[in-house]
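What follows is a set of notes on a single structure, which appears directly below.
Which chain is which? They are A, B, C, D, E and F, in the order written, and residues in each are numbered from 1.
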Amino acid sequence: MPDVTLTRVYRFASAHRLHSPHLSAAENARVYGKCNNPNGHGHNYTLEVTVGGPVDPATGFCADLPALDRAVHAGVVEHFDHHDLNTLPEFNGLVPTGEVIVQVIWKRLAAAGLPLRAVRLHETRDNVFEYREER
Amino acid sequence: MPDVTLTRVYRFASAHRLHSPHLSAAENARVYGKCNNPNGHGHNYTLEVTVGGPVDPATGFCADLPALDRAVHAGVVEHFDHHDLNTLPEFNGLVPTGEVIVQVIWKRLAAAGLPLRAVRLHETRDNVFEYREER
Amino acid sequence: MPDVTLTRVYRFASAHRLHSPHLSAAENARVYGKCNNPNGHGHNYTLEVTVGGPVDPATGFCADLPALDRAVHAGVVEHFDHHDLNTLPEFNGLVPTGEVIVQVIWKRLAAAGLPLRAVRLHETRDNVFEYREER
Amino acid sequence: MPDVTLTRVYRFASAHRLHSPHLSAAENARVYGKCNNPNGHGHNYTLEVTVGGPVDPATGFCADLPALDRAVHAGVVEHFDHHDLNTLPEFNGLVPTGEVIVQVIWKRLAAAGLPLRAVRLHETRDNVFEYREER
Amino acid sequence: MPDVTLTRVYRFASAHRLHSPHLSAAENARVYGKCNNPNGHGHNYTLEVTVGGPVDPATGFCADLPALDRAVHAGVVEHFDHHDLNTLPEFNGLVPTGEVIVQVIWKRLAAAGLPLRAVRLHETRDNVFEYREER
Amino acid sequence: MPDVTLTRVYRFASAHRLHSPHLSAAENARVYGKCNNPNGHGHNYTLEVTVGGPVDPATGFCADLPALDRAVHAGVVEHFDHHDLNTLPEFNGLVPTGEVIVQVIWKRLAAAGLPLRAVRLHETRDNVFEYREER
């Protein structure tokens, strides 16, 4: 029987500023535009974590939902929510673009042993980032 | 030319209670938490059925939409909507978790001959289940 | 300076069945249709509570948000979520239609001393009920 | 003939931190909780501006939509979007709560001569602020 | 006891073109911009009809929902859905702006005897029109 | 390191009529139903374009977002928005069904050199079409 997946939605509100140490000031302004404004801005991020596996015939569950919630809260939400991403150790030396954030989240959740299938991040209504590794 | 897929959205409002005959009362309470409350609760379920195929050059369609609607209404919506899932024959001996519901729906729709690609079920705003078989 | 209002959104998932003790079985079937099905069904209810008042110049707040959250959780969400509304004492002798639920919620929240402006309840995507009293 | 209203939706992404000069550090921490975290956080704000008036029989319009767009962009969006609200002159001496932001926006738009009926601000999915003056 | 209101959501997909017989070609182009393009365009319109009244103690209802559905379908949806509004007799001599459409819908529904409180029309995600008469 | 994808959302409002030159009038009426009504109708189309690639370590980006926006606006939105799809050269000899529109959009964007992963089109709230080619 193929796997079933469960996608669970989480949210956090954070500030960030896009500014790369690998680029000059002029390049930063050109590449990031208003996202490079000096004092930063912020977003209501919506995070979708997809896990999957075979369905346990005794419980009807494909994943341990309380364990998933604990891992995402401890590994992501409590760190990121109501913080400035640029000041967090998780983004030390990194530019907190959507692409980088989904990779950072994947690594943190994979390290927690979750049966990850995909990590998706809605940065705004019209911008969504997704990361998944082949299994 | 690769296939195009059409995802069509349906809805039903049902009651359910999570309680497994394979578990003790204490285990049921621990595993399902408030979803094990004695008199049940309910949800507005949103069902996304994805079908696909090559595009017919005469009609521009990749699937027979009226046939899809008939199959989903006859096989799922009319059975589940405004009913208690636990009392339905489709869930006899099963726990109506989201994982189990998407598998039951897949089987019923596959039996109707639909060119299924995926079945997704939104149980709440933040919980989504998906089932798909390799083809 | 006129008041500012704050609308805060809460959610609960409940079962209910529409069946009036004031109506015959045939009238119940005619008036409520599938909502009168014997074993009940359920919804993901979305509750919007609007409170208002002058803006406190020291805090910039028009209402005590933690007190609002406490009152709505203690008075509504903990009672209704993952329960069958028909079995609750709050609906004893009442039919738990959207109209009745918003009135019951208003009374419970008004009794808690909240500066209520409106109570709105989304029963499904397409049905919204609202109650407000003149002040 | 009564007025018709037009509600137009705008968006901006900003950082902010809730910290009042009228409160001690301990009071700020207690009143604002995580919203008082030192480096700020941010939101995708959704702004709804409602204007109204009689319908012009020649055009079928109740308001000058391009003028509305120009006023909201020049007076609000260009100032707030991708900025830290706490550093803007518009919030000098103010705490940028939702309540304060809707009042600041009302004043700026009213000064532009718009036939305002209401200003609503969605700070998160579950928090909405509204300001309207009697006419 | 004050009234409770019920808002019910309906949908129709229509074509329209904004072009006023009271304006010159140049004025039409200036006033309506791309909405004046020669062959028209279209929208998925979302219609919210709010009715209200005292709650019937026997049924728990504030309005006759099947009668509401019949009136809106017969008076609006069946006329407008999958049609070009400019070719309909209801808009003869009128420009089918959102403002005009909500007034036309109000008149048709009021004539059907509904206890109307408001008619709201979402033309796009970011444009909403509302009409209500004092009672 | 696997690719990250970025999905960007665009919108256009267009009229269309489903009528195939390969079918008789009776067949057109049967196959397309109300979508075959003579004067056409319209939709608010929501277009999701997914591109992907490795993340540039200097910028943190997986794609050139301004180039993506330019390509989609120049290749799709400016052509389709506020037009009747049936009158456009892009749909000459084609029936503008959702299936055909996503294929036309894919071809236009692929020709612009975008690293396309998927093209999805929401025609209504309940109908979504998707096209993707194996890479």
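Note that in this section a residue touches a chain if its C-beta (ideal position, glycine included) is under 8 Å from a C-beta of that chain, and two chains touch if they have at least 3 such contacts.
Keep in mind the model is a prediction, meaning the values are calculated, not measured.
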Practice item. State the smallest step count from chain B to chain F, taking one step as a move to a touching chain. Key: 1
Practice item. Select the chain at the greatest separation from chain C, using centres from the mean of Cα atoms. Key: F
Review point. Which one of the chains is farthest from chain A, going by Cα centres?
Key: E
Review point. In terms of residue numbering, is the interface formed by chain D and chain E classified as same (over half shared) or different (under half shared)?
Key: different
Exercise for review: With chain centres taken as the means of their Cα atoms, state the distance from chain A to chain D in Å.
Suggested key: 28
Review point. Where the centres are mean C-alpha positions, what is the separation of chain B from chain D, in Å?
Key: 41
Point to revise | Contacts with two or more other chains, residues of chain C listed in rising order | key: 125
Exercise for review: Report the topology of the inter-chain touch graph, choosing from line, ring, star, complete and other.
Suggested key: other
Revision key, fill the gap. Pairwise touch list, complete, is A-B, A-D, A-F, B-C, B-F, C-D, C-E, D-E, E-F
Study note, to complete from the structure: Residue set of chain F touching chain B in the complex reads 18, 20, 22-23, 31, 94-100, 102-103, 125-134
Study note, to complete from the structure: chain F residues touching chain A in their complex are 1-2, 4-10, 55, 57-62
Exercise for review: Over in the complex, which chain E residues touch chain F? Could you list them?
Suggested key: 11, 13-16, 34-35, 37, 39-44, 81-84, 87, 124-125
